[in-house]
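See structure below.
As written, the chains take the letters A, B, C and D, and residue 1 is the first residue of each chain.
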Amino acid sequence: MMDAGRHPNITLMTYSEVEEVSGYIGQFKVKVRQRPRYVDMDLCTGCGACVEACVFKKGVPNEFDEGLSRRKGVYIPMNGQGVPMKAVIDEDACLFLHRGKCVKKCMDACPTNAIDFDQKERLVDLEVGSIVVATGFDKFDAARLSAYSWGKSPNIIDGLQFERLSSATGPTKGEILTAEGIKPSRVAIIHCVGSRDENANRYCSRVCCMYALKHAHLVRDKTGAEVFEFYMDIRAFGKGYEEFYERVQEEGVYFVRGRGAEIVVLENGKLQIKAEDTTLGIPVAIDVDMAILATAMEPQTDADHVAALFGLSRSADGFFQEAHPKLRPFHTNTDGVFLAGTCQSPKDVPDTVAHANAAAAEALVILDRGEVLISPTTAMVVEERCVGCGDCVLVCPYSAISLLNSKAHLNSALCKGCGTCVATCPSGAIEALHFTDQQIVAEIEGVLAWQ
Amino acid sequence: MDYKNVLTTCVYCGCGCGLYLEVLDGRVIGVWPAKTHEITDGKLCIKGWNIDGFIYHEDRLKTPLIRKDGHLVEASWDEALSLVAEKLGTIKAESGPDSIAFLSSAKGTNEENYLLQKLSRAVIGTNNVDHCARL
Amino acid sequence: MNEQPVPSIIEAIRQTVAERLQELDGVVALRRSSEGVAPHVFQQGDDLSELEIVPRYPLTTVVSRLHKSFPEIRLGIVARGCDERAFVEMAKRNQIDPDRLFILGIACTAEEAEECHCAAPFPKHLVVGKPVAPGSPNPVVAEYDNTPLAKRNAFWRRQFAKCIKCYGCRNICPECFCEDCAMEDPAWVEPGLLAPPFPVFHLIRAMHMASRCVACRQCDLTCPAHIPLTVLYDLMRRDMEATLGYIPGEDIKAPPPLSVTLNEAPLLVNTGHMD
Amino acid sequence: MAVEEFEPRIVAFMCNWCTYAGADNAGVARLESPANILPIRVMCSGRISPELVLRTFREGADGVLVMGCHLGDCHYSSGNHRTIKRIPLLKSLLGFAGINPERLQLEWVSAAEGPRFTQVTKAFVERVRTLGPLSEEVAA
């Protein structure tokens, strides 16, 4: 991320959202809505003086710490380590922007006068040759499965919250503590929360096994607590993963083979994990101080909107659909638009890096080559027959057809050759090349020659 | 913008269906069936509906053609009628009147068809007269 | 010819046309001459006592031809309910420029509404006449759900056997404006063959009519074989309304539902293919 | 001699991305599909115009299957949105004209649904077998 931020050919557009995409491979027009940051990016040095000065002591929950700590109205994202390392003012938290009343100490504190409350939202038009969609995933909300008592005890946390707990920049400076501020003596880790579950997502989220093993290792290492892993299968498929699994086993972690079925918050505040140990064939109930849920990766909640924006399709699990599961795993059906990372499917870090590098390389290939090969299986308008009714314009999923001088006009760079326009045109003014009516009729006659 | 509909009669067969030729700025652009026509009541067959098809057709003959040296070449009506009269006279003289037949057409009016059979019987002297609508 | 309209209606529409001709380039209506009654474009100075409102011709087709030939021209049209609906579907498909056509609506009489089984015998832009109640639905259509398949089959076989393939149904139809017609494509309709066992000719036309037919009944009137084509088209219209909520000619903003996605024009019934 | 059983001839239009691959999947898994199914590959079920279906019946098919991707899975994102409206409408029309609408069937089969491919094709063949030849329905 740091390298990307520094690269002279990369412009980071933070606080921005894509509003509209038109055009096609090699010539996309992208309209970006850039929200005001209220901090001049050129002037801000990321010194953090404004954050210190901000009078909003109470603050709001810090999203980077998964709500385990609080931050002020002005802040440097990711606990001061974001890229770019510049301050931002949160409209909803800043006392001045939110309530209209504040002494604005931040302005006094800033040594470069970077704070600018007059910044306005603006629309930026970009022309680009290729697009990489890397919108990431959403965390499964464990409250959707009532058996896990999500929200009923502060000691039931998910994997990302544990990551913050054990991080040196986190709310506890890396100490693993329960909500009561003491080291836990027994910790449960529950796999497949929201994954491989007919009541939530059927797919495997792929990363949870390994991070759950890492969490077990960290708990053992930092606290010496007893750790119980409730798992169905351990999927340690990557390089060095199986070895790590063995090492965690050797560290004395208890592995209970069976889905963690229920978490009961006991009257004394402790948590009781109920499960079936399928290797012993008996139900078990284990009392612990802390439960860590390995929650599933899910598609972003606005994935449908993003899909419509970029002309993507989505697979049954809701993630963006790649053009081919094996041979074109980061291409989409819209030429020039690529997928990187977990917006396509759950992935761990090495896979995401590989996927993203591949997508970036493919995106560059297009720009470098300067020309594109398109499939010959496209539609073709026979202008003399066209009466300009425009049904084909409505029908095309790729906006490849427009009306030009009252005749259908096809942009064959956009056309994917589905032929829906051909079936719609009442006057036979569009032909599907390689799937013409004549060719299909010949096939019909051919197959029906069978008696 | 000079738009009008001109009532006429279908020339394709003897039924004589009424139809309007739709004319825009002096050019025929279409056909409407004549709904107030006492007999045909706004109905046409495929021929009447396409009666305008030949008007501007590139294959339409606008002058008689006479075959000379194996090729059809344009000729004047006087030239063509003289040739026909001359040849009919020769054939009648050489082979008799019954070596000639007359075939008339539904595209002609009653009167034209009457005249043709008159030509056949009174001038040439044969009863070899037929008409396409008799089929 | 035998149904003379109430004199006051025709006088009133003549008066309206005279007024509108002050600012329009022409008004498309019917004109009586010694030759009979035919479509006409009335222009300033024309004798408006010649303007008639029967019989019905698909006047929107005339508008379309004129709009295409003269890209600036602003026209009026003396329109019944069906003419207005035809205009809506044609405008949707770029055959008429809605900004250059002004509807001078007249209401049909109760007898006319009944004769056409018309569900909306008056235009929305009504200028002259009082709206009358809809005509009763075609009894064949009303009874159709109770008609067994074999009886339907026999009925249509009898009807289609009469077809002389004059293409009059298509020619007179205001919604049939294609340059090239699928029913003339030998790939779909056998040339030179009347009443083939499988009635592709009529089925193709019925499919094309599903989201277009505005129930003007011109095809019924012009069919020399008296095939009740609008029974089939009414059934299709009924199906379209039930499954897609689409009534051709009703709303100029509603896109043709078969051409757009489910998000833009959802299915109102579960056809069993929603997953 | 036993009466020879009627073997219906059924043309199945399959989309390139889902059903055609699904049929392949059935084959790879060595699942048996009826030989009555005469496959024609098109890029998308949205390519199947009413004209093509009617021509297929005209040509003598006893049944027509139109097969594509499940909703939301369409390779062209919304090509099958048109299919799902068009084919049931055509079915209605066949019924109105007195031709058994069950002779036309729309089915979604994904690339992974080899078993489903064999199941729907078998069921359709058996259904059309009971309907008898189309020629008997439209002639006589």
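One rule holds for everything that comes next: contacts are C-beta pairs under 8 Å (C-beta built on N, C-alpha and C of every residue); 3 or more make two chains touch, one makes a residue touch a chain.
Everything numeric here is computed off the predicted structure, so don't read it as measured data.
Engineer: Relative to the centroid of every protein C-alpha atom displayed, which chain's own C-alpha centroid is closest?
Structural biologist: D
Engineer: Go ahead and note the Å separation of the Cα centroids belonging to subunit B and subunit D.
Structural biologist: 53
Engineer: List the centre-to-centre spacing of subunit A and subunit D in whole Å, with centres computed as mean CA coordinates.
Structural biologist: Whole-Å distance between the two chain centres: 39.
Engineer: Could you please state the distance in Å, as a whole number, between where the Cα atoms of subunit B are centred and where those of subunit C are centred?
Structural biologist: The mean C-alpha positions of subunit B and subunit C differ by 36 Å.
Engineer: Per the centroid of Cα atoms for each chain, what is the distance between subunit A and subunit B, given in Å?
Structural biologist: Chain centroid spacing, subunit A to subunit B, equals 79 Å.
Engineer: Could you check subunit A for residues that touch two or more other chains and list them?
Structural biologist: Residue numbers touching two or more other chains: 395, 397, 424, 437, 441.
Engineer: Do you know which subunit C residues sit against two or more other chains?
Structural biologist: In subunit C, the residues touching two or more other chains are 182, 185, 187, 258-261.
Engineer: What is the shape of the graph in which nodes denote protein chains and edges denote touching chain pairs (line, ring, star, complete, other)?
Structural biologist: Graph shape, chains as nodes and touching pairs as edges: none of the named types, so other.
Engineer: Name the touching chain pairs, please: which are they?
Structural biologist: Chains touch in the following pairs: A-C, A-D, B-C, C-D.
Engineer: If we count contacts the way the header does, which residues on subunit A are in touch with subunit D in the complex?
Structural biologist: Per the stated touch rule, the residues are 311-316, 321, 333, 377, 395, 397-398, 416-420, 422-424, 432, 435, 437, 440-441, 443-445, 447-448, 450.
Engineer: Once bound in the complex, which stretches of subunit C touch subunit A?
Structural biologist: Contact set of subunit C toward subunit A: 68, 93-95, 177-182, 185, 187, 208, 255-256, 258-261.
Engineer: Under the stated contact criterion, what part of subunit C meets subunit B in this complex?
Structural biologist: On the subunit C side, the touching residues are 1, 25-26, 35-41, 43, 55-57, 62, 65-66, 69-70, 73, 164-168, 171-172, 221-224.
Engineer: Within the complex, which stretch of subunit B touches subunit C?
Structural biologist: Residues 1, 3-7, 18, 20, 22, 24, 29-37, 42-46, 48-49.
Engineer: Spell out the part of subunit C that touches subunit D in their complex, as residue ranges.
Structural biologist: 144, 149-157, 182, 185, 187-188, 190, 196-200, 202-204, 206-207, 210, 232, 235-236, 239-240, 243-244, 257-263, 265, 267, 271, 273-275
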